[in-house]
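Sharing a structure here in C-alpha cells format.
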Amino acid sequence: MNSEHICDISLAITGSGGAGSITAGELLLSLAGKNSCFGMMRRSFGPQIRGGEAAALIRISHRAVECMNDSFDLLLALDWNNADRFAEEIALRPDSLIIADPAAGDIPEAFQELGVEIIEVPMKALAKDITAGRPNMVALGLLSHWLGFCSDEAGKLIDQVFGRKGEEVTGGSRAAFTAGFTEPLIVAAREARPRPERGDPGNRGTRWHFNGNQGCGLGAIRGGIRFAAAYPITPASDLLEWLSPRLEQLGGSLVQAEDELASINMVIGASFGGVPSMTATSGPGLALMTEAMGLAVASETPAVVVNVMRGGPSTGIPTKSEQVDLNMAVYGLHGDAPHLVLGALDHADCILTTEWAVRLAEALQTVAIVLTDQNLAQSTVLIPEPKYELPEIPARVIAQPTDGYQRYEITDSGVSPMAIPGTASSTYVADGLEHTESGKPSTAAADHLAQLEKRSRKIQSFDFGGHWADIRGVGQTAILTWGSSSAVAREAGARLRAAGHEVKVIALRLLLPASPEKLAGELENVSRILIVEQSHSKQFHHYLRAFYDFEADTRTLARPGPLPITPAEIVEKIENWS
Amino acid sequence: MSLAEKISDLDTFLTYSVVLEEEAADRHDELADMMEVHNNPEVAATFRKLAHYSRLHAREIRDRSSGRSLRVIAPWDFEWEGMEGPETGDISDVNYLMSTGHALKIAMGNEQRAHDFYFEISKGSPDPAVRALAAEFAEEEKEHLELLEKWLEKHPESDEDMRWDPDPAHMPE
Amino acid sequence: MDQAAQQIALTPKDFKSALKPVWCPGCGDFAVLNAITKALAFMGLPREEVALISGIGCSSRIAAYTSVYGFHGVHGRALALASGLKAARGDLTVLVAGGDGDGLSIGGNHFIHACRRNMDMTYIIMDNEVYGMTKGQASPTTAPDWADSKLTPHGTGIRPFQPAGLALTAGASFIARGFTGDPNGLAKILVAAIGHKGFSFVQALSPCPTFRPEQMLWKHHVKAFDQEISSNPVEAAQRIQADDGMSTGIIYQNERPVFRPGTGVDNGMGSIESEFTI
Amino acid sequence: MNSEHICDISLAITGSGGAGSITAGELLLSLAGKNSCFGMMRRSFGPQIRGGEAAALIRISHRAVECMNDSFDLLLALDWNNADRFAEEIALRPDSLIIADPAAGDIPEAFQELGVEIIEVPMKALAKDITAGRPNMVALGLLSHWLGFCSDEAGKLIDQVFGRKGEEVTGGSRAAFTAGFTEPLIVAAREARPRPERGDPGNRGTRWHFNGNQGCGLGAIRGGIRFAAAYPITPASDLLEWLSPRLEQLGGSLVQAEDELASINMVIGASFGGVPSMTATSGPGLALMTEAMGLAVASETPAVVVNVMRGGPSTGIPTKSEQVDLNMAVYGLHGDAPHLVLGALDHADCILTTEWAVRLAEALQTVAIVLTDQNLAQSTVLIPEPKYELPEIPARVIAQPTDGYQRYEITDSGVSPMAIPGTASSTYVADGLEHTESGKPSTAAADHLAQLEKRSRKIQSFDFGGHWADIRGVGQTAILTWGSSSAVAREAGARLRAAGHEVKVIALRLLLPASPEKLAGELENVSRILIVEQSHSKQFHHYLRAFYDFEADTRTLARPGPLPITPAEIVEKIENWS
Amino acid sequence: MDQAAQQIALTPKDFKSALKPVWCPGCGDFAVLNAITKALAFMGLPREEVALISGIGCSSRIAAYTSVYGFHGVHGRALALASGLKAARGDLTVLVAGGDGDGLSIGGNHFIHACRRNMDMTYIIMDNEVYGMTKGQASPTTAPDWADSKLTPHGTGIRPFQPAGLALTAGASFIARGFTGDPNGLAKILVAAIGHKGFSFVQALSPCPTFRPEQMLWKHHVKAFDQEISSNPVEAAQRIQADDGMSTGIIYQNERPVFRPGTGVDNGMGSIESEFTI
C-alpha cells in the first residue's frame, strides 16, 4: 500500500446482519469529514429482508470523489458469513490488505486466491471484554488509526450518535473504539507503511453529506415542488420518504397513493391546480406511468417524475444499479409526445438537475423525467457544498382573467398561458383528446398539426443554455456518457490526462430534446469517441445514433449492471484503442 | 292536499307558471341542440320553434307578474305531478331519427299536461285570482294544442325510420 | 331553503359551456348534466371555484359541457387526478363524473381507495350498465345474461357489482342513487352530496338508448327508497342488498375523518438545507 | 373524368347518420366484387357516437388496390349535413363530379370552391314515392349504373342482405335501386362519357373481403392462438370481438378483463399454461401493458400483443390513423428487454404478419408486438385470396419430464425448454426477478449477464428468413417505409416506374430485431432514400438511424395523421428531389 | 377424513422447494408456507397439477419456496395472471398468494374483479398490515394512527379496508380468516378453500416482526369465530363488521355459478376461413 493509495483509499467493511458493518462505515465516513477528507460510501446487502450480510463500501480521499475506485485497498471482515456474496463487488488486488477476526473462521476462497496480506485481529474478543462494547466499534478504531484520524473527533462523534442510548452504550463504544485504535498489531503494521498524505488545510470547509435521493429531493423543493404523490419502490422510496415531512414543512404535502397509476394522475391533478408537483419511482413504476405522462403532455400540464434506475428487465435486480430505463424515458410514451428527459451526473448534480427539471417542466408545461440510478440514489457522498447557477427560466405562464380565454392558444413560443382554478372567467377543460386552441375536441388535420407543432416547438425552440452537458477537458479523444457513469468517466479522463492523453469528457445532462448542434460543436476536432454506459443493449448508444451524427471513429464501452463501470475499464479502452 | 289547493296565492302560481314555461323552453332548446348535432335539421327546427313559443309564454307571464315578487323555489321543491314540469319534454323520448310528426306528438303531450296542470288549478286553488289566471293559461295551452294539431296534419310521417337504422354506431374513443 | 336560494346569482345555464354534447339524443347523460348545473347554481358556487374531473367514455365527456374548470383525463383515472387536485387545492369544490366502465372496471381500484381515503369530493357514476363509447360491451354492472355484446356473446356469466355496496364497504361516507328520469331529484341529491364533508358517491342510473334500449323502461321500475338516510353501515348494507338496484335516494351518510394532507403552513427551507451539512 | 380513372375510380358517399351512406358503400363494394372488380373502403364518422355524419370512401379498380387514391372522382351526397367536416378527407379535383340531392340545400363552400360539375338528383323524392324505399338505395342504383355494374347482381345482393327484413323492405330497396339505376339524368351524363374499361376475365376468381382487424384475427388463430384476453379500445375492439366466438369455436376462449393490466397478465398466465395467447389494444392500452410485457420477456413467456395505432398522444384522435406507437413498441419496456416488433404492411399482410408473430413468439418465448393502424384495421378490402408461405419455424420448445430440470438453462440457441404445468417432475417457478438457470433469484453479475445474453441471443441469432421486409422493384432510388404507408409507397413506386423512374420500395415488416446487414445489402446500389411515415416526430426515421447505417442521400416524408399519406405526395417528393 | 388421509403419498415437505426463504426469522409467512404444503399434501394433489401464482413483496416470494408450478409475477397482478392461467387450463388447481399491499393496494382492482368473476381458485392474502419488502410503509389494512413509516409520519389518517368485507361485497363465494400462529388451523381452512368450487379468499394474519413488532402480540388477541359458516351475505357482512378483524375461521361460503370460459370443444377452422370469401 503506497502513499498514493493512502490519500485515496477504498475500503470495505463486511459482516452479517447485526454485526454493524454499515454503522461502522457511516461513522468512518463522518470521521473522514471531520479529518479534512472527502469520500463516498455505497451499501450492499444480501437478499434477505433484514439481517442479511451487509457491506459498507467506502472511498476516502483528500480530493472530492464522485465515484468508487476500481478496486479496494482494504477489506475488514467482522465475520465471513456469506461474505463471498460480495466477492465480485469488492475487487481486491494482490497488494490489498485484509483485516479479519481469527474467530470468524476461514477466509472465503474467493478472497484467499489473491494471496493478499492478512492481519488477524480478535475484534470480537476485544469487544467482549468491554461492557456494551461492540466488534464494529473496535473495527472503527482500527480503521481510524489506519487512516490517521483524530481519536478525539471520533469520541465526540460517538457521543453525538449514541448519546441518546445512554451512558453505558456511549462508554462501551468509546472503549471499544480505543481498543481498536490502539490495537498493537495494527499500530505496528501501520508504522511499517508510509504515512498517509493528509488533506491540505484548504479542504477544511463545510462538507455536504447526502445521498442522491436526498439530492433530488432538495433540488425538487428548490425548484418549487410543493406536492408529491408516492408509491414506494426500491430504490426510489427513500426519496419519497425524505420529501414527505419536508413538503409538509414547506406548506405542501405528500400523499401515499394506491399505485403508480394513481400517483402520476395525482401529480397531474395537483399541477392542474397550480401547484408544482412530482413523483418518484423506478422502472416498473415508470412503466405504469407512461399512459398518464402522455396525458400531461397532451393537456400541457407540468409534471416531474424522478425515475431511479435499477437492474432490469421486469423486477430484475431491484437493489442494484443499471442505466437501462433510458429507452422508456425517451421513447416510452405512445403517440408523438414531446417531453423532457434529464439525467443527473453525480450526487451534486442530482440537486441541480432536479431543480432544473422542475423549472423546465413548469416553464414548458410538459413532463420532465429525471433519471438517476441506484448507484447515485443510495450511496452517500461527503463533498464540498455544491454550488451551481441555473440560467434564467421563466415561471409557469399563468393566464390572467380574460374573456375569450383560449387554453391552447397558438403562441410564438409554443407556450400557452395556463389558467389556474380559482381564476374567474378563464375556466377551461384540459383535455387529452386532440383539441382546438380553445380546448374543444377536434379531429381536424389542421388542429392536430397546429397542436403537435406547438407542443414540439415550445421544447425545440427553447434555449436550454449551457447546461445541456457537462464538459471537462479538451482533446481529440472524447468520452461520451451520461448519468452516474459520468463521474467514472471524469475520473478516467483525469487519469488519462495525467498519463499524457488529451481527453474530453462529455456527459449529457439534457437527453430530450437532443442537442445535435451543440454536441457537433463540441466534437468538431474529435477523432475518437468512446460511448460509455451501463446497459447490455446499448441504449445510450442507440439513442445517440438516433439523434446525433458522428463522424469520428466511434466505439462503445457498454455492459450491464449490477457492478458499476470502473475508471480503469474506460482508461484501458482508450489506451488500447489501436 | 292537492297541489291545486296548495297553490293558494298568485305569487306561488306565477312562480310555478314561469318555471313551467322556462324549463320547457330550455328543454326544447336542448332537444333542438341534440337534433342539430345529429343532423336532423327538420326536427331541430321544430324543437327550436317550440322553445321559442315556450319562451314567449314565459316572458308573457313574467311581464304579467312584474311588480310582484316571484318566489324562489329549489327545482326539486316544486310539486309537479311527474318528475319534471308538465310541459318539459322527457329526454328519453327522443331519437335522432325521429320525424317532425313524432316530435310534434311529444310536444302535444307536453302541452296537454300543461293544460291539465292549469286546468286543475283553475278548479282547485282556494284563491279566486289564481283560479281565474289559471283558467286563462289553460285556455292558452288549449290553443297551442290546436295549433300543434294543425301543424301535425302536415307531418303524417310514421316513425318507421327510427326502427331501421342502416348506420351502425361507431366508437369515438 | 328560501334564503339560500335567494343568493343565487348564476343560473343552471351559466354552468353549461358553449359546446353541444355529442351524446345520442335520449341519452340519460343529458339529465346528469342538467342536474349538476342545477345543483351548482342552487348552491351559488362561483364557477371558477369548482372543478369537474372525468375519465374517458360517453359520460366522461361531461366535463367539456360545463363552464367550470375541468379535466377530461384518461380512462379510469379521474378519481386519482381529482384526489391530487383536492390534496393540493383544498379550497376548490371537486366533482368527479364518469361511466360505470371508467369507474368500476379500469378505475375500480381508485374507486375503492377514494372511498377509503374519504377526501371531500363528490363522485358521480353515470351508470348505463354498458361501455357506450366503445360500442356496447358489458361493464361491471351489466347483468350476467345480457348477450348483446359480440365480446361476450353468451352474456358475461358474471354477477354484477352493486356500486353502492362496494362504496359502503370501501368506506364512502355518503352514498346515494339517483335516476336521470328525475333530474330534479338527482340535483337535490347532488346538493346534499356536495354539501357533505367527505367522499360522497352518487350512482346516477343513466340509460343508454343506443346500446341498451331496454333501459328506456327503467322509468317504470325506479322508485324512491322508503327509508330515511341511514348512518349505520350494517343497516345500509342490508338496504342495498335487499334492493333491486332501482330505488333512489340518499342511502347512507356518516361523518368520518376527512383526509386533508398537509397543514398549509410554510415554515421555510432553512432547516432543510442545513441538514445536508455536517 | 377519363377512362383511366373509370377503371380505377374513387368515390365517396356522404350523409348524416341514418341516411345509410355506409350501407350503400358496403353494398357497392360487394357489387364491385360481383362485377370482376377489386376495391377497398374506408369509413369516416363525425364525433357523435351514433347518428353523426358518415362517409363511405371507396376505391374500385380492375386491379387489386391496397390503399386509397390521392383524390376522389365522384362525391355523392345524400345530404349535406355537416358534410364539410369531410372536406379534407374527400379531396376533389376540378374534373371530379358531385351528385347531390337538390333538396339537401346548398353545397358546402369547401366543395363548391373547386367548380366541379354537379348533377342534381332528387334521391329523397325518388325514394319517397316507393314504399320502404330509401334514398341510399337510389344512390346505390345511380352509382351502379355509373360504374356499369350488372343490375341483376345488385338485385340478388339486395335480396340476400335485406332478406331477413321481409318482403316490403327488399321490394322497396330493389325498386329504389332501379329508380336510381335508370335515373335519366345519370344515364344521360354517363352516356356522354367514355365507358369504363372493365376488369379482364382473369379477375373473376374468388374475392376475399375483410378488414385489417379480421386479417389479424385470422392470422392469430392460424398461428395457433387459442386464448385471448380483452379490454375494448378503439380501433382494436373489433378484432377482439371477432376473436371471441371464433376462439370458442376452436375450443379456446376469450375473457373480457377489467383493464389492460389484467388482460396482458391473463395472456401471460394462459401462455404459462401452455396455450398460445394474445391480446389486442391501442396506444393508451399498450402503455398500460409495458410493465407486464417486461415480465413476459424476463420470464420468457410467449405473448402476442396486436396494437392498432390511432392518433396520439394521449387519447388523441382515437378514430383516425397515425403511425406513432413505433417508439413505444420498440423501446417502451423498462430495462434491457429484447423482444419482437412486427408491422403489418397491408390488409393481406395482417394475416401473414400476425401468424408469423405468433409463431415467432412461441418459438422464441418472448413478447411479439404486432403494429397495425386504424387505416388497415377498419377499412375493408376486396382482393384476391391472400396466399403466403412462412418459413419453417419451430414450435414452442416444450421440456420433457426430467429430473434436475432447469427452466432458464443456457442453450446454444438461447431458447430454454419450457415445462408446461401438468408435466411431472419439471415444476419450476417463472420469475421476473433476475435468476440463475434454475430460476432461483440472483443478483450475481454473472447470472445477470448470462441471462441477458441468452434472452438477447435467442432473438439476435434466429434466422428470420426473407420475410423481414417486402421489397418491390429495383433502382438507385429507394423508398423505405413500414406499416400501412407501405401500400401507398408501392403504388407510388408503380407510378414512378410507369413514368420512367427506377424505384425500389422497401417496407420493413420485422422492426425488432433490426436487420442491418439485410437492409445494407438491399441498399448497396442505392443513392437516394426517401423515408416515408405518418408521424410528426419522425419516429420511423429515428428508429432507422438508431439501428441502420445509411450512406445514400436520405430524406424524409413524414407528417402526422389523421389524413393518410397519398401516393402523389411520395411521387412528388421523388420527382422534385433536386 | 382418515380415509382421505390414507391416500396421501406426498408429505408436506415434498411440496417445499430446495430454496431457503429469505424471510426474517419469526416472520408469519413461514407458517403460511407450512399451511399450504400441509393442505396440498393432505389433499393428495400431484405437484404438477398445482400452480401457485404470486406478485411482489416478502410474502409473494412464497411461490419459489414450493415445489409446484409457480409464477412470481409483477407487483399487484397475481390474480390477473392466475385468472388467465385458470381460464386456459381449467384442469389445474390454482392458488394465488401475496401481501396486503400487493393484493389490496396496487392489486385492488384485480381483487374485486376476481371476487366478482368467481373462477375456481384460492387466493391467500398474507396480511401484515404493512409493506414489508419496501421497508415498512402503510398498506390498505394499516391502522390510521400507525406512525412508524417515514412516508406517513403522522399515520395515514385513513380507515383501513376490511379485506373480508371487501371480498364479500365484491362477490367472493368463500371467505375465511386464518392466523399464522395456528398453521394447522390455517391448513384446515385452506383445504376447505381449495375444495370450494369458486373463488375462495383466505386472509392469513401474518405478523411482520421486523416492521410491525407489535404484531407479535396478535397471538393473544386472535380467537375463533363462534358462529357457523354462513351462506347468507347479509349475515356474513354483519359478522365481519362486528368483529375486530382478529377472529378466525370460515366466515362465508355459498355456491354461485363458477366462471369457466369456453367449451373446450374444437370445431375446426373451416367455417372461419370461408367467412372471408365472397
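Think of it as A, B, C, D and E in the order they're written, each chain with its own count starting at 1.
Everything that follows uses one rule, which is that a residue touches a chain if its C-beta (ideal position, glycine included) is under 8 Å from a C-beta of that chain, and two chains touch if they have at least 3 such contacts.
Keep in mind that this is a model prediction, so the values were computed, not measured.
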| item | value |
| --- | --- |
| Subunit C and subunit A - chains in contact with each | D, E |
| Chains touching both subunit B and subunit D | C |
| Greatest separation from subunit B - chain, by CA centre | A |
| Where subunit A and subunit E are represented by their mean Cα positions, the distance between them in whole Å | 38 |
| Between subunit B and subunit A, distance of the C-alpha-averaged centres to the nearest whole Å | 69 |
| Centroid spacing, where centroids are CA-atom means, of subunit B and subunit C in whole angstrom | 29 |
| Distance between the centres, which are taken as Cα means, of subunit D and subunit A, whole angstrom | 45 |
| Multi-partner residues of subunit A (each touching 2 or more other chains) | 47, 254, 258-259, 261, 284, 291, 294-295, 299, 314-315, 431-433, 441 |
| Two or more partner chains touched - positions in subunit B | 37-38, 96, 169-173 |
| Set of subunit E residues in contact with two or more other chains | 72, 74, 76, 105-106, 108-109, 113, 140 |
| Chain-chain contacts as defined at top | A-C, A-D, A-E, B-C, B-D, C-D, C-E, D-E |
| Residue ranges of subunit E in contact with subunit D within the complex | 17, 19, 46-49, 51, 53, 63-64, 66-74, 76-77, 80-89, 91-92, 109-110, 113, 261-269, 271-273, 276-278 |
| For the subunit E and subunit A complex, residues of the former touching the latter | 22-25, 56, 58, 72, 74-76, 105-106, 108, 131-135, 137-138, 140, 149-153, 156, 210 |
| Complex interface listing, subunit B residues touching subunit C | 26, 30-31, 33-38, 71-78, 83-84, 90-96, 98, 169-173 |
| Residues of subunit D that touch subunit B when the two form their complex | 16-23, 43, 45, 47-54, 79, 81-82, 134, 136, 165, 169, 234-235, 237, 315, 318-319 |
| Of all residues in subunit A, those that touch subunit E in their complex | 47-52, 230-234, 237, 240-242, 244-245, 254, 256, 258-260, 284, 314-315 |
